[in-house]
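Letters A, B, C, D, E and F mark the chains in the order given here, with residues in each chain numbered from 1 onward.
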Amino acid sequence: MSTLLGQSQLQETFELNIGPQHPATHGVLRLKVTMDGEYIVKAEPVLGYIHRMHEKMGENRTWNKFWPNLGRLDYLSAIAYNHGYAGLVERAAGIEVPERAEYIRVITVELNRIQSHLLWFGAFVLDLGGFTPLMYAFDEREQILDLLESVTGSRLTYCYFRFGGVYNDIDDDFITGTRAFIKRFRPQIPMYHDLVTGNVILMERLVDIGHVSSEMCRKYGATGPVLRGSGVNFDIRKNEPYSVYPEFDFDVPVYTECDSMARYMVRMKEMEQSLRIIEQALDKIPDGPYIAEKVPKMIKPVKGDYHFAVEAARGTFSMRTVSDGTNQSYRMRLRSPTYSNLSLFEEASRGMLLADALAFMGSLDLVIPEMDR
Amino acid sequence: MLTLSSQLNTYLIIGAILFGFGVFGLIRRPSLIGMLIAAELVLSGASINFMAFNHFLAPDPTVGQIITLFIMAIAAAEAAIAMSIVVAVYRNYKSIETEDLAELNG
Amino acid sequence: MDELIRILSYFVGIAAFLGLNLAYLGWVERKGAGHIQRRNGPKEVGPYGLLQPLADGLKLMSKQLIVPDNADRILYMAAPVLCMVASVILFVAIPWGENLVPREFDFGLLMIFSVASAAGLSILMGGWASGNKYSLIAGTRAVSQSVAYEVPMLITAITIVMISGSMNLNEIVRQQAGGFWHWNFLAFNKSIFMPISFLVFFTCSMAETNRAPFDLGEAESELVAGYITEYGGMGFGLFMMAEYANLMIGCSLTTILFLGGWQCPFGIFPGPHWFLIKMYFLIWCFVWIRWTYPRTTLWGLLNLSWKYLIPFSLVNLLVTALFIKVF
Amino acid sequence: MSPSLFSPEGLAGVIFLILIGVTLTGAVIATCTKRLIRSVTGLAICFVGVAGLYYFLNSPFVAMMELLIYVGAVCVTIAFAIMLAEPNEARVARKISPLSGSLATICGGAMAYALGYAAVNGQWMAPAIKINDGSVKEMGMSLLTTYSMVFEVVSIVLLLAIIGALVLAKAGRDKQC
Amino acid sequence: MDRAKIKKELEMLAAEGLPAEEPTEEAAPEPQAADEEQDAKKSKKAAEEPPRVNGLLETDYNARGFHLDVQVNPDQVVAAAEILDREGLTMEMVTGVDWLKENQFEVVYDYSYTGGELFRVVVRARIDREKPDIPTISEVYPGANWHERETWDLFGINFVGHPQLERFLLPDDADFHPLRKDFKP
Amino acid sequence: MSGYFKYLFDGIKSLAIGLKITNKEFLTKPITLQYPHESVKMTPRYRGHIELIRNDETSTHQCVSCGMCEKGCPSGCISVKSKKVPGVKGKVLTAYILNFTTCSLCGQCVENCKFGAIRFSNEYNLASRRKEDYIFNLLERLHPEGVPEPKVDPELLKKEQEKKEAAAKAAAEKKAAAAKAAAEKEAAEKESAGGESKAEEKS
């Protein structure tokens, strides 16, 4: 097709406006697509429909008051974002975190990651036209939400972490519930593989579609499953260990096919690895305080730049702050993973079929509020 | 009025009228596709005549039907070819109006 | 006069049967989808949600008909009616029982194919007339798809015609009398590929009726709702009903050509009830398949047609011809 | 002698009249509307009427083929061509010169009149005997024996049409390679 | 990736950009940085300190979250990006900081290495607030396109040579840059 | 050629497996919960809107109107209104208004409350067509029957009254002094103003 697309003056192109309200964009993303028949000549994402200027809010509130904003960025892996912010401020203000708190953090983050991947799995197959897996995924996801609700109090926009620990302790019910969930969820994954992954129709739509090379990932700053689906073994949890991740034994799934299927498989395998981490954390969790005792009410970090990165469900979420020594941030910068992941869409989708491009977009796992911030 | 269906003339006149409409359309239509449509009318006018003669006059009533089927095949082929010509012409000239295709005058 | 009464009674009968089916197939689909997806499906309106079609119908009828600004008004209004009419006319030729057929055509099979091809035109019209790019793409997709699948479907139908020596649907059924081993899909004495041929025909009828996983015309994640994007109220309702009518025609045709129509699997008590059982079973398979698989793409669809279905149907045609000549 | 309106023959007559109406209406729509897509619809309506006429001419097979080929294939093809070539119909309102309009009317009218005159005034002789009944079986036989040339020519024409259409479409699409 | 090489090249680059008359300042930042980490109280007075001069700092990763901190001249950011690109680093983000007091913008480029070893580099450049022009690095890193566009959108920093400097997150008819410190809603 | 058939058979097999799974699910019982007919029990930690805690001893709330919750709230959705009632220690809460439309349920207010006066309620069945329905007065919600009058401590009242009187006395003295001073100042000002006007006239 590329040879045909090369000379465009004779081409019959037309513009198609996908979104901001469209079943495939899962939110208010808009794609300005120039099409040649069923092929895409150029697909330009238009962002900003739910831009809320979180960065400015960060400059105008005290460190403590910024907590609820974190849950509203990526509403699907909100706890990971909580973790990023907690890590950043703890690094800046030099707050020690008790070990139990770190374990609780890891357990909740990984549960949240599974939840996020499950939702993505359902929505992705929905993008491809299969409705049923979405419902199965939601069934499992509800279990996780119930667990997280019993410990954090909310179901989606978590505001659970605090500087030096977490909001409240986990109890035995949560631990037994989580173990029961792991036991229940493990056999479900092969079922998903049977129902969805092995399906010949799905394979036809994912294998060799949406090629993103590792070089392209590097140039565009793509991270997370997109990067790992391109054969780069990079996971902040392993490469830039934070919290208590070094104490766990888990693998980073890497696929070298660079196509949509690889990204799909990375996420499916990641769920299994998250289960492993949770199991180990539940076994190892020490007793002790769940929040550091001496956390100053007014946090005033030393003047300077701070940077902290975590592995959220969609890739590297890194925060950078400039402190001027007061109890507010001078500049707060949130680097959201899907922002960079989507920026390669325009180049990668050139010459694709419309249906394939939308499947490819689904495989990038977009969460729009996080991009727009 | 109700016995029209058993008279040869009815069919012949309908065929003639269709043919006339076809010619009318061929001259009047400014665009290639319009002319194609009119040509289809001409063809069906002719095939009505064939079928009518076949039914009322022919000693071997398969002939007319075969000829009609032949016309149909021709019409289908013609439509396919004409469509691709139209599309090709449109791609080159961004128009399918016959007046705009003056370059083809040579 | 008798003829008139017969026509009238069949008209009323078909209308009643069709109305009931079109309403409740939607219910069956939703209920089936619900249970497949670990949920209940319609439940609130009436016992087991049985009055749901009524509620849906009332809702659709009470909705305002909105014609989009840049739509072609006449064609926009005419397309769903045309689609529905083309689907309903087909029921005239279906033999529900040995003596229960509204009009026995000598060319029943041909008639069904020829009238069904008009539905494609109406989808194209609807997609075009909506004045929406999504609808337009969907219309062209739906038609190119049904044109592509008409080829293997017709070839397979011709195989059956060769076996039966008739295009009369009733005659085709009559020849499959006896137990289920006499039915065409197991007629190994006619051609060893008959089961595959059955699958080919079944797949094609799925594609012809634009059902998932071949519902490219209304692929909601790409084209919003395809050619019915701009339709609301009863315009939408007619398209939906036409889809179910086509579904019934496709299943009836498969039943007649391969599953022995109104014949009993054990050779006793043949009658319309067997026909209905088989037809509803096939419809249930359609629903089941729809809620199991993701959607194909246009290329996947064409690949399936050109790489698998057409070669198989051609091979089957040749083998059948050989069998007829040899045995 | 006219049959009663409610006898089967009478009903058939009424239906025949309706079919004539449908054919002519379709022809009018096909030639006189401004928008091409409506013309195609008219053409389809006209073909439905013509198919009905064929049915009255005792050849249901040809009638069905008429529907299958013309409505299902030719009309769809033309509609496709319109969509590909003139998707927005921006320049629909092009003035048709009055000269061509009147010329067309005169030409078409003259043709129709001449043909109709010839038809009505011609001396048509009914054949003494029919050698067969024109059934599909007979048709198949003669298509493969007496008129096998037609069969062959049709197949070659169709093959050429397919190849030609492919070549043309390809050339229009991709000039440089 | 070669850490030492990157460090050397960036150091040279930063030194090139220094004004010729104050070569002695080059060595100064490093002890100052060390001070900053060691003694928190002292650095509170940093507000009175003069703005940083170009140069390379090696920072404590555990305290800051990055390893190298380079300040270069605005016209050198592309060269810095090329050096880092050659070594296979990823552009992670581009952002700005508004230093209203000094009447300057700071453009910050974060680079990280995704090949295995942990390495984060921060490149920063200061530009005048009145004439906020800086060359774009979207030629080197196409991913910077969106980040720069966003920075223009929110700060009004003009990336010279950027292919599409249009409103991105904000509506098309916005005529303000909200992350500037003097922005009043 | 073998690849062709292998692909075909694998494909058909995968489709059959899919059908098998959905069929199994079709035959198992649905897991849905019919919400208006049944409802879930919320976990004790569920974060609904905040509410005042009723103290069993005093059968009223423990809020001292310190305003820490108001200060700590990121979205500014709490406003605590209080007044001084003679004879009661501290301030008396007159209205605790929560604007639930802007609340983000972060829990900062509960954390900031040193007196354990507020907590999260377990209520989630909140539906209304009007925005105003979400501006709660938590005090009224705690006492739907009517807010009880604060208990007046007679000793404290007496003390306070004495204090008040003393204060009033002191204030009166101060006022008198101030008035005197003001009068003097005014006089002085008048003089200078007069001088100014004269100066103006001269020019």
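The definition used in the following text is that a contact is a pair of C-beta atoms (placed from the backbone, for glycine too) under 8 Å apart; a residue touches a chain by one contact, two chains touch by 3 or more.
Keep in mind it's a predicted model, so treat the numbers as computed, not measured.
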Check your understanding: Where each step is a move between two chains that touch, what is the least number of such steps from chain C to chain E?
Key -> 2
Check your understanding: Upon omission of chain A, how do the remaining chains partition into touching groups?
Key -> B, C, D, F | E
Study note, to complete from the structure: Quick note, more Cb pairs in contact for C-D or B-D? It is B-D
Exercise for review: Select the chain whose centre, defined as the mean of its C-alpha atoms, is least distant from the mean of all protein C-alpha atoms.
Suggested key: A
**Study point:** Chain centre separation (chain D, chain E; CA means) in Å
**Key:** 74
Point to revise | Rounded Å distance, chain B centre to chain C centre (Cα mean) | key: 32
Practice item. Compute the distance, rounded to whole Å, between the mean C-alpha positions of chain A and chain C. Key: 43
Revision key, fill the gap. For chain D, residue numbers touching 2 or more other chains are 61, 65, 73, 80, 84, 87, 173
Practice item. Could you tell me which residues belong to chain A and also touch two or more other chains? Key: 10, 12, 14, 132, 136, 139, 195, 199, 201
Practice item. Pull out every residue in chain E that's touching 2 or more other chains. Key: none
**Study point:** In the complex, chain D residues that touch chain C
**Key:** 6, 8, 11, 35, 37-38, 41, 44, 60-61, 64-65, 67-68, 71-73, 75-76, 79-80, 83, 87, 136
Review point. Inside the complex, what are the residues of chain F that reach chain C?
Key: 4, 8, 15, 18-19, 21-23, 25-26, 28, 30-32, 34
Point to revise | List of chain E residues in touch with chain A within their complex | key: 36, 40, 43-44, 46-47, 62-66, 69, 88-93, 95, 97-98, 108, 110, 112, 114-118, 120, 122, 141-143, 145-146, 154, 167-171, 178-179
Review point. Which positions of chain B touch chain D when the two form their complex?
Key: 1-5, 8-31, 33-34, 36-38, 40-41, 44, 47-48, 51-63, 65-70, 72-92, 96-97
Exercise for review: Mind listing the chain C positions that touch chain A in their complex?
Suggested key: 33, 36-39, 133-134, 137, 141, 212-213, 215-216, 219-222, 224, 291-300
